[in-house]
Amino acid sequence: MTDLFWPGDERAGSHFTAEDFVGAMLAVEEEWLGRDLHVRVDAERLAHDAESGGNPVIALVRLLREHEPDVHRGLTSQDVVDSALMRMASSAVETLRRDLRSVVDRLARLADRHRETPMVARTLTQHAVPTTFGFRAAAWLTAVLDAYDDLDRLALPDQVGGAAGTRAAIVELGRSVPEGVPRWHTTRAPMTRLGDALAGCTDACVRIANDVLTMSRPEIGELAEGSGGGSSTMPQKANPTLSVLVRRAALTTPQLATTLHLAAAQQLDDRADGGWHAEWATLRDLVRRTLVAVSQTDDLLAGLVVHADRMAATLDSAGDGVLAEQRSMASAAGRPPASSYLGDAVAHVGEVVARAHRTLEEKH
Amino acid sequence: MTDLFWPGDERAGSHFTAEDFVGAMLAVEEEWLGRDLHVRVDAERLAHDAESGGNPVIALVRLLREHEPDVHRGLTSQDVVDSALMRMASSAVETLRRDLRSVVDRLARLADRHRETPMVARTLTQHAVPTTFGFRAAAWLTAVLDAYDDLDRLALPDQVGGAAGTRAAIVELGRSVPEGVPRWHTTRAPMTRLGDALAGCTDACVRIANDVLTMSRPEIGELAEGSGGGSSTMPQKANPTLSVLVRRAALTTPQLATTLHLAAAQQLDDRADGGWHAEWATLRDLVRRTLVAVSQTDDLLAGLVVHADRMAATLDSAGDGVLAEQRSMASAAGRPPASSYLGDAVAHVGEVVARAHRTLEEKH
Amino acid sequence: MTDLFWPGDERAGSHFTAEDFVGAMLAVEEEWLGRDLHVRVDAERLAHDAESGGNPVIALVRLLREHEPDVHRGLTSQDVVDSALMRMASSAVETLRRDLRSVVDRLARLADRHRETPMVARTLTQHAVPTTFGFRAAAWLTAVLDAYDDLDRLALPDQVGGAAGTRAAIVELGRSVPEGVPRWHTTRAPMTRLGDALAGCTDACVRIANDVLTMSRPEIGELAEGSGGGSSTMPQKANPTLSVLVRRAALTTPQLATTLHLAAAQQLDDRADGGWHAEWATLRDLVRRTLVAVSQTDDLLAGLVVHADRMAATLDSAGDGVLAEQRSMASAAGRPPASSYLGDAVAHVGEVVARAHRTLEEKH
Amino acid sequence: MTDLFWPGDERAGSHFTAEDFVGAMLAVEEEWLGRDLHVRVDAERLAHDAESGGNPVIALVRLLREHEPDVHRGLTSQDVVDSALMRMASSAVETLRRDLRSVVDRLARLADRHRETPMVARTLTQHAVPTTFGFRAAAWLTAVLDAYDDLDRLALPDQVGGAAGTRAAIVELGRSVPEGVPRWHTTRAPMTRLGDALAGCTDACVRIANDVLTMSRPEIGELAEGSGGGSSTMPQKANPTLSVLVRRAALTTPQLATTLHLAAAQQLDDRADGGWHAEWATLRDLVRRTLVAVSQTDDLLAGLVVHADRMAATLDSAGDGVLAEQRSMASAAGRPPASSYLGDAVAHVGEVVARAHRTLEEKH
């Protein structure tokens, strides 16, 4: 079911849908049991039955035990939900990394192609000094590479602790837990780190969208979305729709990541009384919105139209002002101004593009 | 479709579902057109088609014009979406007010019944002075009445401005706009006030849930949820599930209300480039979670078990310490301590209950 | 002490400084005592002594009792802090209302003067239809009037409850509390409503700043700040500094208002274990930043330069496109297009200006 | 100046004070100049002069140029502010790491000492199964180690980009930038990663405080703060003041970290129009509150009183219920229940303590 309140939602595919959640919880239970249960679980019914236990696992286990009484032995609800969330997240992050690599590839080409395309730099909205469009694209690329690195560092572990983290039932049953599987019922760094990294992705995407929105204003006209969105009433309009929707996402995801921190800050006892429960839908929304925003950014770049002529014309019309700093520096240095005032912009583009290539080659 | 990631979601019924949204947008268009269109719109398909225009109205209008070319004349997408959101909100707020009146009624009875039930007051987690459980219930009631008053003050207007708020097309068509319908494309107080009031509702509900969670700890045992939730592994557990779920909600809604303020803070031009789009799903989640939390609070109170004996025993065992302040005051006043140290607690309960009755009688 | 990390902070004057806080707490104690204490309290030393009691009142009372042993009898720390916060807030809100009235006055004149100044309307960053600059200023004015109305509705009460809200010590002492003074130790609507209203003020101010930032871009050039800020390195720069600083504020205040809601959501027992303590600095920052932003907006408007010629030129160069909707409407209506396509923009300006005048005349 | 609105503020020492900021900016300028300027800058006057330029560097440079005209050549304001912020942050993070190592050391001893101290585990506020207090302390320790690891990974770079990041003035002057110094005017990952890591520190501290607050309730009485805080009116009170103040911090820091993400999401052009300016005070508050919270947590642990007898008594009185799971598991396994039901709790404590020792030994 695509979300009518979040246009583009279908780009997130089946990640973190109800069916995905059921499937992930079932996989956790089956793996722990050691065999497949060949059971069909109705997500809608499970959702209705979830409230009385406070989470969906109690109803799920009741249902599974009709087939196999030994299911879930030694686990607690939180083991199953947390492991399922992290497995779903793992798959989503894999998709995100793939999509981000495509964004990186597009940006590297864009930066490289325009490394010498002259443009006016703007600071605090005003014309500043000359730059190149490739230099700007290199900034976008840096933001995306930083976000990619953060995703890359994430650990998304299973959770196996039993009722209160001590694995008492597991030991009582004479079982053991796979090497390296932690227990983190009340220490939520795996969750907050994930949330922070996802917010970092939309921070990077909106870095691009903000510039496209500004530079595609008709008075500036230096960039355009390939195929703008129409208006319901104005036939002539071509709106920068993808940029608008990316921007939308980035206005919401930081607060979702905060909610994960606030949930972490409510941890107490051996399992918490509400902080944990606040995470599930929050993570779902954060993941799906990030997937949508990255995918939209990829399309935005695929269609991006660069008007190098307008860039040159703007720089030209900016006139002497943008060389005022140069004159002041040359005077301080006691030399006539150099013929160009681009600093190391072109070389910097090369370095960022090289970083991009290293990232793309590491592709796991 | 109940949300598996938000147990209890079904309590919000059809408010702000995709079908509700489609229905509300259709009603706006039909009302503007002046007649029913007898058309069936597939919400899922509309959701898929919404991205290219950046909102669902463009696809909706395309579809409706297959039946009736004159639909939507003079309106802009934002007129339709905003009016639909406010109409859905209006219906949801009506439900909220009804459910809050039930909460008010239960709390007024509870406070009244226990106005003299002795209990120890606790401040900064420690025993302080004597109080009554009715006094505590009156605090809960005050919080709920304050939230109710804020809901009561809301205006949830339609939106009719046309392409850029000037109603140019409407005038060109020789039409007029119903008296009192404002235009607020880029001035979002109707949205932020709504969000703030909804967050106020969960603030009030969690005021109750926090106390139930604390006072139903086995070492305190002064309150209990009527029918606790079970555990997936521990047969003896009776968890305060409704309180946990109310608490969950209140950890998330303030951040959603913030997002509405941040969206308001991104308004510019004559219609904004992302701030507006961030509101729809945010408001949906905020409304539904508030509806669920209020309904759960109502059930929580319906089943609440008050252990007056435990309250008395705790107060008794708290001993002389809780009268230390009284001795110090009596000594300052140069009199022996009075026989009771409840101040005006009982009278205060009466005043809050009277406020509740006034609210219930105003019932519109 | 002006805040070096928040340029413009001095505009908030002495509102919510340490000295203001000490003075307000002292006034509360003196009023309760019934006479002046003629004591000088060192704010810095009080701040150092505040941690051990968790709040500044315990150290303050210890100090005051060296002069007068009967001080504070019947009150609790929270009574003094909350009353002091609300009195400081009351004074700050009075200043805010005065400054907002000045903003309203400037905007009403601006809107009126330019009610017919032609300009292109922009939606989703693109040219839409014709409008007037007065119509835009009327939108700014509407946002400010909405914020003003919310400030106007606030109640900022004292707090008198005693140790656990029951006023037991007060009754024991044979004293009474002034009519209408509530107790709200754990029901924080007075605090959250204040926070929401303050965030509403910065939402309104940034509505203006966002447009100035966009319209003062050199490619658009329709507005300019009167005296732009310089650059540390580029001699030619004139930055829209006031707009930038207003925008800064509005990116932070909604999260501060959220913190007040989250603090409200942590209330439990008869006085809370951290939620209350989180409010003080949060409210201080929220109040001061709002004061600064409103004052900066007032100055921004005082100096605002309107380039009506550039507005006309832009509209002219936008060409036929911005009349495409009109042609489509006229064709639907079966008539030639009217000579103007401004809808009821000019009349609407008049209505908003009239609302402003009503507000200014109500001036208390 | 200690913050009267934030008791305990003095624990943050001179980190991120106005003088620290001035000193750091001066150091950046002097280092770039290549020699000391032996100038005294009045922080208060600089603060007053900061607004017109939008940041304090313009006024600072004006002042410094009275002494040395060549100062700041090639830099832009943002280079100086960002480098200064990161240098101050670097020093603060060093203090944080030192304090966290002390917390780690205390927790490792505590967990080790109590690895076999029996206690009842609590989940969703209710008694669950047996555990040990050392196991609980190991959870606290895990949270702190996770936070420490995140701090450890931070890069806090200088910023040198010049007017628009291209280093044009630097090249024009024939100068070069030290190897490895990046430019990140509009790509704010260094800032958001720092904010996220700081919020992670308070998440970890409040994990401890929440448990102390609950377990020091008189009805539970298993823990106590060494020296509780007094009350302004109740002579007998001993409040868990440090825990309360730590909890306060953790209710505010996530929203500050969000603000840094939202500021990152407002980046555009070559230097931004407000997003950057929102960072300074936000980071200051985030850093100082984290320093205070970690220091308070260290003191809290230094004085923590563990009532092992109460823990044993609670477990005892919890009775058969907490072994219900064991009986169910033993029956499933077809064996009589084992004599203990602690799972691998004791071994797990050993592993976490070992991780702590590895961290302490890595101490640089």
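Order of writing sets the chain letters: A, B, C and D. Residues in each chain are counted from 1.
Operating definition for what follows: contacts are C-beta pairs under 8 Å (C-beta built on N, C-alpha and C of every residue); 3 or more make two chains touch, one makes a residue touch a chain.
Predicted model only: the values in this text are computed from it and were never measured.
Trainee: Sort out for me whether A-C or A-B is joined by the greater number of C-beta contact pairs.
Mentor: A-B
Trainee: Average the CA atoms of each chain to get its centre, and name the chain whose centre is farthest from that of chain C.
Mentor: A
Trainee: Indicate the whole-number Å distance between the mean C-alpha point of chain A and the mean C-alpha point of chain C.
Mentor: About 33 Å, centre to centre.
Trainee: What's the distance between the Cα centroids of chain B and chain C, rounded to whole Å?
Mentor: Whole-Å distance between the two chain centres: 25.
Trainee: For chain C, what residues touch not just one other chain but two or more?
Mentor: 54, 74, 76, 122-125, 128-129, 162-163, 169, 213-214, 231, 233-234, 239-241, 244, 251, 255, 258, 262, 266, 273, 325, in rising order.
Trainee: Please output the residues of chain B touching chain A within their complex, sorted ascending.
Mentor: Residues in contact with chain A: 1-10, 16, 18, 21-22, 43-44, 46-48, 50-58, 61, 72, 74-77, 80, 162-163, 169, 209, 213, 229-234, 239-241, 243-249, 251-252, 255-256, 258-259, 262-263, 266, 273-275, 277-278, 280-282, 284-285.
Trainee: Spell out the residues on chain C that touch chain B in their complex, using ranges where they run on.
Mentor: The touching residues are 54, 70, 73-74, 76, 121-125, 128-131, 135-136, 139, 142-143, 146-147, 150, 153, 162-174, 183-189, 192-193, 196, 199-200, 202-204, 206-207, 210-211, 214, 250-251, 253-255, 257-258, 261-262, 264-273, 325-326, 329-330, 332-333, 337-338, 341-345, 348.
Trainee: For the complex, which residues does chain C have touching chain A?
Mentor: Listed in rising order, the residues of chain C that touch chain A are 122-129, 213-214, 216-220, 228, 231, 233-241, 244, 262, 314, 318, 321-322, 324-325, 328.
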